[in-house]
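Two complexes come next, and they have one chain in common, chain A, joined by chain B in the first and chain C in the second.
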Partner chain A sequence: MWIAILMGLRNIRRRLSRTLLTVSMLAFGTLMLVFVIGLNEGTYKDMIRMSTTTWNGQFQVLNQDYNDSPSLYESVENSDKIMEQLRAVSGVKAVTARVETAGLFSVDNRTAGGQLTGVIPEHEKEVASLVGTISEGSFLGKTKDPEALPIVLGDGLAKRLKVKLHGEVVFMGQGADGSTAAELYEVVGLIDSGIHEMDASMAFIRLSDAQELLVLGDKVHRIVGRVESERVLSGLDAKVDLPEGDVLQTWEQIMPEVSRGIEQDREGSVVILYIILFMVVLGIVNTLMMSVYERTREFGVMKALGTPGWQIILVVICEGAWLAILGVGLGTLLGTLLILSLQDVGLQMLDQPVEFAGMQILKIYPANTMLGNVTYPVIIAVSSVLGSIWPAWRASRLDPITALREF
Partner chain B sequence: MKRRQLLYGVLMSVVVGMCVPMGALAQDDAKEIDIKALSRKLDTMFRSKTTRAKMRMEIVTPNYERTLTMEMLTRGQDDALIRIQSPRKEKGISTLKKGNEMWNYLPKVKKVIRVPPSMMTSSWMGSDMTNDDLVQNSSWEDDYDVSQLKDVPTGEFCLQFTPHEDAPVTWSKVVACFDAKYQLPKTQSFYDEKGTKVREIKMDKYKKVDDRLIPSRITITPLSKDKKGNKTTMIYESIAFDVDIDEAEFSLANLRRGK
Partner chain C sequence: MSDVVIEIEGAKRHYTTPAGVVKALDGVDLTVERGEFLAIAGPSGSGKSTLLNLIGALDTPTEGSVKIDGTSLSEMREKALAELRRDRIGFVFQAYNLIPVLSVLENVEYVMLLQGKGASERHKAAKEILAEVGLSDMLDRRPVELSGGQQQRVAVARAIAAKPSLVLADEPTANLDSATGIALLEMMQSLNKTYNMTFVFSTHDQEVMARATRLIRLRDGKIESEERRG
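The block that comes next holds the complex of A and B.
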């Protein structure tokens, strides 16, 4: 066995230039695959990061019916206790609670429909990066009029209402007891998240103000949290004691469109693997075929000396294996290094930002992943070795007499 | 014997005499119902030059039950003012409708909110009545094609209203059934674009007010899945037609003052 491996190594050194050519082709193919997959996975990561960090969080606790049919009444009770439990879990970075309702915002004679969200400002800052996109004023900070209640508007909504900082806005909706919920607020901040739909319809007030306005007591609609890594999410629901009817959902369940989109795209990228696989295997088979034909006499001699067929097969496969290991190894190494060098600075590949689930993507930050840097290269290497079986089998089947007569 | 026969004869003639004209009347009703007049009745039943009414609204949902009392002033077909009188928390909340426009006054924040056209199909004060129902932008007489339905329960006749293409309504058709005797609406069934019945309105407790017969109780039951268990009942506690109402009552300035 060792002899076969060493012989393989010796043999590929005999025609160095051809070996180098084959290895570099393999390396280039693998590099391309690793890099393209890296770009894809990087984009996915970005999508997940953006869709979770801007607003939705990586997990939420909510009534099981709330996502399908949001209503004032599908609420979560004892939110303080649940949040306390969640914060105690190691790896949970931040937790906050929200109350949501729809209604009318009005300034003078202008009225616009929108979404009012009650938040805990100090915790919301740790969970939703949206809070950081305040373009004017503060996120539910001090009001000019000490009596007034603060509100933050999406800048699109503010524009629709033609209201400026410190202007007055009336909200009118419906409380949980069916009564008309109406309140006057002072605009203390404007948000420009860049997500058009949100900016045009969202407004934020303090959670306690919202609970009072909507006669909700201490009930909330969502508990939203962030974790240090995806791993913390699995089994998180078992670590908290949730009331009957409430569920803990991860971002994949909260935003099924994101995970589904990624899964579909990932399936589509398998085509790249197939193309590169085809190219690489053809190259290997070609190289080995040539090498076997060149050495017909050599194999003839080996056979004449009584070398069994399987040993000849082994020798040729080892040649292929060496080529594959060197080529794929080099390609993976280069690809990984390339991704490493680009993963923080990003790659400007698009002139126009691409919109995905309400998020804009302008730069791509490639990422190394198990799939792109290990699984796919291994598939290529293994396929290359399998591809070399054919030339090896041809070599083992040579008739020593005819073979020796060549040249 | 003779006397008894005579008695029979008298009785018979009385019975027959009573039956014949009634039968003839009933037949006339079935044959010649004035579709136009009935459509107009749906439009103007509660309207006059002016009206002043006291109403009670009982709202039942799976989550809450509540009762509102209010005063409603109307002028012609276009203008209406509703002021909530109880419960206390909502006392003074007013809705003004002028032509196709609508505003709410909120005494708590002392502000007037215009109700945009996009909100016309949403609920009024948490009831099963929409802003549109209240405002009645469409006219049964002018915005629908009307045809009489056959195969209806005895003592009723039913009209099917199909909206004109440009009519400001969201229904695909509305079937209204009338009490044949009183020529007053009994039920109205509303169908959405898919042809599913989504709402039913029942009108009963007919009452005579100023020579007019009107249904004094209106029950709205939404039939969509998300509104299961909801019901709104409106009861006219009193209504007076053609009363003197100050012009200013229907002005936006007056609404804004919270009067």
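The block that comes next holds the complex of A and C.
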């Protein structure tokens, strides 16, 4: 075996210019793949980050039926205890609770439907970046009228109602006891999240005010949280004692369309892998075929001396393996370094920034991942070795008498 | 072990070509005993190379039989023929044909490596034989760094290092100047005597013919004459 490895290495040094060309082709192909996958994965990370940090959080505790049929009655009890347990888990960064209901907002004779959410302002700021998109006033800060209850409106909703900062808004809905829930609020802030649907329908009040209005006691509809890293999410549900009927869902369950979209895009990127694989295997086969052709006489001598066919196959495969190790190794190294150099500063791919949920997207921040930096390069290297089987087999099948006549 | 190394009876090797059947060998009988220094001569196309290919287990006869050390080649499959070449036959080619990526020492060790011999045994045997052919100080050189004569000495060392019964040399002096050729022949004669190893040459070289203990002349695929010396 060692002789095959040694001969493989020395043979690729024999035709240095051809080796350099093949290694460069392999390295370039691998570099391209690593970088493109890095850009894709970086984009996915950004998508996940934006989807989770804007409003939904990375995990939620809710009644198992709530997402399918949101109802005032599908609530979570003992929310304080659950939040306490979650905060005690290492890696959980922030937790907050929400109450949600739909109803009518009125100003004078103007009425608009919308969603009222009761939040804990100081905790909500740690979970949802939406809170930071206040365009006027404050997020549930002090009212002008000391007796009034504060409300924050999406600026779209405010426009529909033609209400300004410190104006009065009446909300009308239904309480959990079947009574009419109605209250007068003073607008203390306007939100411009950049998400049209949210800005046109969302309104926020304090959690305690919402629980009182809707006669919910200490019940909530969602407990929303953020974690330091994705790893924390795994097994998180087992670390809290949830009442029967309540579940802890991760962002993938809360927003299946996001994870499905990423998966579909990942599947699409396999096409790039196939193209690069085709290019690389063709290059390897071509290089080794040339090499075998040039060394016909040498293989004839080896066969005449009694070298078994499998050993000749091994010598040629080792050449392919060396080329793969050098080319794929170099490409992966360069790709990884390129991503490392850009992962914090980002790569500007757009002329104008795109605004989403209060975040401006102007750059893509590539990311090194297991898939792009290990799995795909290993597939390229293995395919290169497999590509060397055909030339190797040809070499092993040479007739020594015919081969020895070659010059 | 029998003293007969090569036993050929009625060997024919015919090739079918678009122009018709070519009778490269047409009924050759030959017995070679251990320790002979045999030269096969003849004009181009007389069948020298074909005969050497049959003896070297690189080819099998169309008719007749070829036995090496009593083993008939006719029924052997490719793998068995390769093992026979590895274990019983040493080859010296006209164009030296050393493996270019291996050093002198590694080239000489190569056949022993195929035989599965251990590293220390290989090193010892290869160094000893390289000392005999006068190349002890060139163990780490690559073939490209050697002269033609030195390369052919390495080829001889490779052929005999694994102590085969038989060494086949196809025009070994053809690419060498006469002085180098004579030196190589003297060395091979010495090895022939030292190891009682059988040497079979195909040659046009008068010097080789003059030193052979037996000279066989081929013409049109048949033995034309046979001359024993000594």
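What we mean here is this: the second predicted complex is superposed on the first by the 394 of 407 C-alpha atoms of A that agree within 3 Å, B and C clash if a C-alpha of one lies under 4 Å from a C-alpha of the other, contacts with A are read in each partner's own complex, and residues count from 1 in each chain.
Methods note: a residue touches a chain if its C-beta (ideal position, glycine included) is under 8 Å from a C-beta of that chain, and two chains touch if they have at least 3 such contacts.
All values derive from a computational prediction rather than experimental measurement.
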item	value
Fit or clash between chain C and chain B when superposed on chain A	fit
Which of chain B and chain C A:141 touches, first, second, both or neither	neither
Partner chain in contact with A:184 - chain B first, chain C second, else both or neither	first
Chain B, chain C and vertex chain A (Cα centres) - angle in steps of 10°	140
Which superposed partner A:243 touches (first chain B, second chain C, both, neither)	neither
First, second, both or neither for A:14, with chain B first and chain C second	second
Partner chain(s) touched by A:132 [first = chain B, second = chain C, both, neither]	neither
First (chain B), second (chain C), both or neither touched by A:106	first
Overlay on shared chain A, then closest C-alpha pair between chain B and chain C (Å)	79
Chain C-contacting residues of chain A that also contact chain B	none
Sites on chain B touched by chain A in the complex	59, 61, 63-64, 66, 87, 89-90, 93, 104, 106, 108-109, 111, 113-116, 118-119, 123, 125-126, 226
Partner chain A, residues of chain C touching it in the complex	53, 56, 58-59, 79, 82-87, 91, 93, 95, 97, 99-102, 106, 110-111, 113-114, 158
Sites on chain A touched by chain B in the complex	69, 72-73, 104, 106, 109-113, 170, 172, 174, 176-180, 182-184
Residue ranges of chain A touching chain C (in the complex, touch as defined)	3, 6-7, 10-11, 14, 297-298, 301-308, 311, 400-401, 404
